[in-house]
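Heads up, there are several structures right after this.
Both complexes below contain chain A, partnered by chain B and then by chain C.
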Partner chain A sequence: MSTALAPSRAAPLAAPAGFLRMFSGFRVLLPFAALVVLWWTIKIAAGISDEVLVSPATAFAAFVRLVDTGVLAEYAGTSLRMIGACAVFSLAVGVPIGFAVGVNRYAARSCEGFLRFLQGVSGIAWLPLVIIWLGLSYKTTLAVVIYTLIVPIVFNTMIGVRTIPENYVLALRSLGAGRLRLATDVYLPGALPSIVVGLRLGMGYGWRALIAAEMLVHSGGLGDLIFSARTFNQIDRIIVGMIVIGCLYIIVDRLIVQPIENLTIARWGVLRK
Partner chain B sequence: MADPMSSSDKIVVSGFRHFFTTADGDVQATDKVDLTIRSGEFVTLVGPSGCGKTTLLKAIAGFIRPTEGTIHCDGKLVQGPGRERGVVFQELAILPWRTVRRNIGHGLEIAGVSRAERDKTVRRLIELTGLTGFEERYPHELSGGMRQRVAVARTWAADPDVILMDEPFAAVDAMTRLTLQEELARLCAATRKTVFFITHSVDEAVFLGDRLLVMTRRPGRIKAEIAVPGRASGRDWESFTADPEMQGIAERVLKMVREERGAALPSGAPARPVGALA
Partner chain C sequence: MSAVAPSASSARLRLDRVAWMLLPAAPFVAVLAAWAAYWQIVRPPAATLPSILAVVQVVGDIAGDGRLGANVLASLWRLLLGASLGILTGVVAGFATGLYRGISEFLSPLVIFFNAISGIVWLPLMIGWLGIGTALAVFVIWNTVFFIVFQNTVLGVQLVPEVLEQGVRALGAGRFETLRSVTLPGALPYILSGIRSGLGFGWRALIAAELVGAPSGLGQMIFAAGDYHRSDIIIAGCLIIGVIAIAMDRWILYPIEQRTVQRWGLITDAEKEGV
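So, the complex of A and B:
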């Protein structure tokens, strides 16, 4: 009896594994599907004209057209290159600054309030001034996005360095470590989880700042694409652009930033508290 | 103490007084500590909490500069940390992003020892500390006791002349602590290191020490010095608890430490009988 039961017990356990994975994928997509359904229902039920809101089908057709003509690739490519360049630059500059401030207790204390202030004055708030200084060019976009990205990176690097237990440093010094050793073996790996958090936050803020700056600067990028489409009332283009902006952010975050986080943080058990 | 600089003197602390600056003004941590640790000796220091024993250890390690007095190691003035003085901390000192093997070999890596040589030393210490099979684990995958074994092994692997231990087993559960203490005694027997070990546990101090120092309450100074007969390396807890001589020493030391603790109660206010406070 019991031997007969065993396989039948195992079977329902084995089956859901694949099913659950499918279901969890479905679960992620569910709100999106609901939004599309809602959008379509409102469009049809309220009889909204295409001048105000196009249907999902029209938007999809516009998407296909934008892909076919290469317009989307060009504008999205501009935005992605921008955010990539800004991220690399901000890390290269922001991490050393964060270190310099973080290792010095007095510098860290005096800079903390200032960095919070800078975080409050968003990159977009700098746009009027930067446009006056640098004009309506990609340089303005670069400056604003780098500013937006670099502040959380500096701040979180500083916090990361500050929260490294003093014993790590003392232990290594009594093993004969000099400054360079401390930097490579203690400060950098110790602050890395925090740096990645800073990068993730920065990418989120930076992406939004980038789209906003592109709208005003008007020299390419997805922000420019949707803002220019407004001039000709191309509702379909605007909606496609918005969806692409959201999707690209998810892709960048999930496919690039999060794997780095998982690689370092999860393995060292730093997140398990 | 008669001869201030004999050749077997490893660490000489003279007239060490230390003050900390706090928000409420200066606090005196220690008061004129004089102390000599001879080569190959295992010296334990026991005292009530807050008596300045960690301050003394940190000064010998070179992490802090004495406000007054001097510390010499092998006749050289201590002016900062150095690899001839290894330190084992109470906790949080091995690096969570390094495996057991790489943590233990870290000192040798810093010293520029070749990979092959390093692996040999690390393997020997992993065996000595019972960490075999855990070489590639990260610290968060280990128990508290095993993490302290890694910390001890790391310090030993770097082969310092003197090892300073700051309550290394205080954060470990009681049963594990007994094992770690026996292992430490055996490790010392196998390597003949000079060890300075501070603790607030009287039993631990008597069990491990060749010589035991008692510190007064803050500002701390050395109150008494007791030679413990027999090498610590030969001890285990069963024979230790059954030995009347050892128990006699432990009782004497406990009494001295408790006097200091009693004296550390708030003074100045007149004593009142219990219940008379209302």
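So, the complex of A and C:
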């Protein structure tokens, strides 16, 4: 028995890397295949009408149509550009603010409660007021998403700077380092893991705020796509939109946010959950 | 001279302490002052920016005629229903999954995907299935809370050192007893931090859901106020939403988490800071 087992165990190791990758890809896709089978079975067995739930085939046909006409690319492009612009802006503005607040313990003490409060009022709650101020345009969406993203980034940058042991700062200072040197050699590396935590949380909140704002502002984007489809009861479009939203978020998270996080942890070795 | 010096320095110390206590109020005061100054100088139309006094008055008005109470209760009731359902199902499913590595590996791609579309992304589909109302909001909250609690529970259960479980088993504990006395306390800090961040996302999702589709609730209150350009009601509503979010986190979730951490002492630094 053991002799029979041994070769079969060794086999995958000897197999080419391409096969292994195919196998792991299959493992990822298998649950989704099971879900589609379940979806199709329920659709047929319960005799649900297309008004309530379309079959996977109809949804796929809608996907092909949306891709063919270029509608999907345009709506997805709008959403991606929006979240990208907001993330870059929030990092560029939020991190320096977080540093400025974090280095001074009086400033940190005074801003902590305020930032917590801002985080409590979700960006989307300001939407009705921002619509009055900026109208039903992409500017409204931009303002709401930036608000949602920047608050956790400022907050976590500040926390990150506060948790750096003061001795590091004192040591560098006594060796004659200036403010700029302190920022690049102590504050930035020390606070980076915390900044990334803030970015990740902000992206989680921000992506959802973006979709919600697009639903209400109706000026393009995936949220607009699925919410307008609701008006015409196009279930196939809604489902395609939802799947695209999910996939895009996973891609953004895995391809951009997580590598930064891994890099930070690998380089500075501050492990966080 | 020597008698004066200590008293002067102690007076300064006391002043320092008072200033330290008052510091958190500073940004709020600054924002209010800027608001008041801007309003005095520019005199914007009430639809764009109301005066501070108007907002205070409108809080009194809507609190007085019962609108505020009814909307707050509607929102909190939905949050309670949706969050308890999400926590219950998340913890149970998380335990069932976390204990069997095969199942959790099979499910993990699905969980990652559905977590990415949790919450308001379901709104357009669910409006058709559930109609506009409490069921819709409860679904959205359940959906948001479930996946966060589920993922944290699975993680917590899997991170309980197996040697502890084996130790208790070797002393003759059954499967249930092992679960109760080792796995549950071991996973509890993770479950609680999952609940805490789940409620943060859930409260946001609720407000968004109420903006889009609900007959009542705080989100609906500010959305309807937007139609009539009543920015005083919108600002009042936003402030109340923020106060409720902070109160929940500070007085309910944070103390529970802290007590658990102190008792079982298993938590990372990132969570200690309340991130």
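Points worth noting:
Here is the rule we use: the second predicted complex is superposed on the first by the 236 of 273 C-alpha atoms of A that agree within 3 Å, B and C clash if a C-alpha of one lies under 4 Å from a C-alpha of the other, contacts with A are read in each partner's own complex, and residues count from 1 in each chain.
Heads up, the rule we're going with is that a residue touches a chain if its C-beta (ideal position, glycine included) is under 8 Å from a C-beta of that chain, and two chains touch if they have at least 3 such contacts.
The structure presented is a predicted model; accordingly, all values stated were derived computationally and were not measured.
With chain A as the common reference for superposition, the partners chain B and chain C occupy compatible, non-clashing space. Legend: residue contacts after superposition of the two complexes on their common chain; A:77 is shown touching neither chain B nor chain C. When chain A is checked against chain B and against chain C, the one touching more of its residues turns out to be C.
Legend: residue contacts after superposition of the two complexes on their common chain; A:133 is shown touching chain C, with no touch to chain B.
Touch criterion met: A:167 reaches chain B, while chain C stays clear of it. Once the two complexes are overlaid on the shared chain, A:56 sits clear of chain B and of chain C alike.
The superposition-derived angle at chain A (between chain B and chain C) is 80°, Cα centres, a multiple of 10.
In the superposed model, A:175 makes contact with chain B only, not with chain C. Residue contacts after overlaying the shared chain place A:32 against chain C, while chain B stays out of touching range. Closest CA pair between chain B and chain C after superposition: 7 Å apart. Applying the stated touch rule to the two superposed structures, the overlap between the chain B and chain C interfaces on chain A comprises residues 272. Chain contact summary for the complex, chain A toward chain C: residues 27-32, 35, 51-52, 106, 109-114, 116-122, 124-129, 131-133, 155-156, 159, 163, 194, 197-198, 201, 204-205, 208-209, 211-212, 215-216, 226-227, 229-230, 233, 235, 238-239, 241-243, 245-247, 249-250, 253, 271-273.
The part of chain C that touches chain A in the complex is made up of residues 20, 23-24, 26-28, 47-48, 105-107, 109-110, 112-114, 116-117, 119-125, 127-129, 155, 201, 203-205, 207-208, 211-212, 219, 222-223, 225-226, 229, 231, 234-235, 237-239, 241-246, 249, 268-271, 273, 275.
Put simply, chain B touches chain A in their complex at residues 61-63, 80-83, 85-87, 89, 91-97, 106-107, 110-111, 138-141, 151, 154-155, 158, 160.
Partner chain B is touched in their complex by these residues of chain A: 165, 167-168, 170-177, 181, 185-186, 189-190, 192, 264, 267-270, 272.
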